[in-house]
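Note that the chains are named A, B, C, D, E and F in the order they appear, and that numbering of residues resets to 1 at the start of each chain.
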Amino acid sequence: MTERYKRGVARQTELGATRTEAYDALADIAPDLSRLAVEFAYGDVHARPGLDAARRELVVIGALITLGGVEPQLRAHLETALNAGLRPGELVEAIMQALPYAGFPRVFGAMTLARQVLDARGLLPVRPAGTDAIGP
Amino acid sequence: MTERYKRGVARQTELGATRTEAYDALADIAPDLSRLAVEFAYGDVHARPGLDAARRELVVIGALITLGGVEPQLRAHLETALNAGLRPGELVEAIMQALPYAGFPRVFGAMTLARQVLDARGLLPVRPAGTDAIGP
Amino acid sequence: MTERYKRGVARQTELGATRTEAYDALADIAPDLSRLAVEFAYGDVHARPGLDAARRELVVIGALITLGGVEPQLRAHLETALNAGLRPGELVEAIMQALPYAGFPRVFGAMTLARQVLDARGLLPVRPAGTDAIGP
Amino acid sequence: MTERYKRGVARQTELGATRTEAYDALADIAPDLSRLAVEFAYGDVHARPGLDAARRELVVIGALITLGGVEPQLRAHLETALNAGLRPGELVEAIMQALPYAGFPRVFGAMTLARQVLDARGLLPVRPAGTDAIGP
Amino acid sequence: MTERYKRGVARQTELGATRTEAYDALADIAPDLSRLAVEFAYGDVHARPGLDAARRELVVIGALITLGGVEPQLRAHLETALNAGLRPGELVEAIMQALPYAGFPRVFGAMTLARQVLDARGLLPVRPAGTDAIGP
Amino acid sequence: MTERYKRGVARQTELGATRTEAYDALADIAPDLSRLAVEFAYGDVHARPGLDAARRELVVIGALITLGGVEPQLRAHLETALNAGLRPGELVEAIMQALPYAGFPRVFGAMTLARQVLDARGLLPVRPAGTDAIGP
């Protein structure tokens, strides 16, 4: 077990991001894929100093919403973002912020996933700090 | 001039994000496009409370890196992110964080733009808070 | 309720495009998202003069097929296109027209959705005005 | 020369879409690519009955804006759309219609290309049939 | 029935790639779509000499992983790749090779599909020729 | 210098893929990015056994064509593919094979780059093993 792997697992554990189930499911076809995810995505990249975990997750959420078609990973990172300290209202705002760049369909899909994640945690309803009071 | 437009311009001004030149260039073909950018992207979305401007820019940067082929807008948002208080080393880390999701080619492109932006501001070299000291 | 919202609802009603169910599902997490969809996508953009609704839907269909991974929205816009006056054979041709640009997999996915939409309306079979008679 | 090729050339000629220069540039590496473009994209698809050329171009424009990074082809199809009878104001509206789905950066890029195309034809300024008069 | 169609069917048959079910499902809406898939994708392109079928499938797999949201087609081409002679371990490596360019989420999705395909053929577990022995 | 880095550099050297210039250009902003490219993309992934370098490049070419907007990297991998033993005609066929999945615009862009690469090596004209003789 490499230092990078240990560092990656430590980061995942800290973030509650250990995707054990998804990784185990590929154990009989591509065990190296899960190992590389831990070593590279978490050990080499996410565990880097210089930007805290919650702000790293904002970049990831922007990327995954735009990419599209990656629901399991987007759901996992919405969980991670909450674990990293982002509050429900902040998560909602982060998804809203993708609107002018990734468009409505991608954002509707992401918000639907976020709703499921927050619902499972008993965190609904969210009162987004919206523009209602200051609308035209 | 609507409240939304005023709110959008105020937000852009606060962020040093007024893309006057790009907007003027389309004045004789689609003046409404620039107006909608101000009203919607800034007045309706970016100016929302609940998430500060720097963290909003992290979502946008994740989205634009992944989208690809939008250099003028990515460059503008790298500027905005710095104006919103992100430090050079944090900007570099934000771009690095897109690696496992958007891949190396998109990230190399984005980092090349970031280098131009930081160079023009006399902010190079950046000493990224890397993993050098803790590598295997 | 803003003028833009009223204009958006009017446009959606005219097009039979009120996505009430999808909007309601997000009411406890992001009510502003549905409001912005009505105000911006319909009130600001779709309701603009200068291009009729059916031709606007052709642009949207080209965009959504290419984007990929947005089945609920693509299905909704296939419905809207029919409501706006596009005939079944024209809808099929519009989807076919994306082939050289978005590729076969995206087009097969879109045609499968279109089949479901037309089937539910009792509009199958469609006799596309194909090239059969003029083939090599 | 196949019937499909002849039909494709006829369609391209009718639309003023013969991309002779681009095709010739690849003559010494992949002559079949240009032949397939004529035969498939124009002879098999574009020349199909059931939807007129201008409306086919609306689908193509929606697809190419969303795809991104295909400026030469987008420019060519903006030309074709005009040749097929779309008026400048309608072309502008078609590009605007992609906003909620492909996002602002893609649309700004497309509008910049459209401006170049219309400028070269002496068709600027365009007075888009906007929402100015009916804004909030 | 054209020569191209016959050539396409012959290629599909040779590769065990006849997607009869998917094609039949669209018979009452767009019979020409399936015909064009056979004629163009197989008769015009895949059946070309100069690159063997297995290596053509590597290009297709790279393309479909990156495109995203095209599971039925990706699954079909994973099957085709095996039929064309690619061994299970080579298929796994091909999917791994997309990691630095298409990112982890797309590759996890593709590997999950590959696992289903190999499982249905009784070809699990695969012992990928990994870097385990030569890790740091 | 890690074993992975050494393995990555060895692979790059073997393939003539050392992108020294591109890497150096980012030395004052993100030296770790180039290091990770060598360690991960080449040391961890490309250097894996089980699939030869030329076939790995076919996956990469399929991915990069589809991704779009990554010309420098696509050009570099077209070079690498040739260095890995792919013949000019095979490279042309590999690009052609992306047509039904990534569409004509992406393939025209890739072929234009390939033409530049082959021209600089004095390898034009290429006589692609086309379907000319067996067309309808």
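Just so it is clear, a residue touches a chain if its C-beta (ideal position, glycine included) is under 8 Å from a C-beta of that chain, and two chains touch if they have at least 3 such contacts.
In this text, all values refer to a predicted model and were calculated from it rather than measured experimentally.
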{"item": "Any chain that touches subunit B and subunit A", "value": "C, D, E, F"}
{"item": "Chain whose Cα centroid lies at the greatest distance from that of subunit B", "value": "E"}
{"item": "Cα-centroid distance, subunit D relative to subunit E, in whole angstrom", "value": "31"}
{"item": "Subunit C-subunit F separation of Cα centroids, rounded to whole Å", "value": "38"}
{"item": "Chain centre separation in whole Å, for subunit F relative to subunit B (CA means)", "value": "30"}
{"item": "Subunit C: positions in contact with at least two other chains", "value": "2-4, 32, 36-37, 40-41, 44-45, 48, 64, 67-69, 73, 92, 96, 99-105, 128, 130-131, 135-136"}
{"item": "Chain contact graph, described as a line, ring, star, complete graph or other shape", "value": "complete"}
{"item": "Interface residues, subunit C side, partner subunit A - complex", "value": "2-4, 22, 25-26, 28-33, 36-37, 41, 64, 67-70, 72-73"}
{"item": "Subunit E - residues contacting subunit B, complex", "value": "100-105, 136"}
{"item": "Complex contact set, residues of subunit C against subunit B", "value": "32, 36, 39-40, 44-45, 48"}
{"item": "Touching residues on subunit E, where the partner in the complex is subunit A", "value": "68-69, 92, 95-96, 99, 103-109, 111-112, 114-115, 118, 124-126, 128, 130-132, 135-136"}
{"item": "Subunit F residues touching subunit E - in the complex, by the definition given at the top", "value": "2-4, 7, 37, 40-41, 44-51, 55-56, 58-67, 73, 89-90, 92-94, 96-102, 128-131, 134-136"}
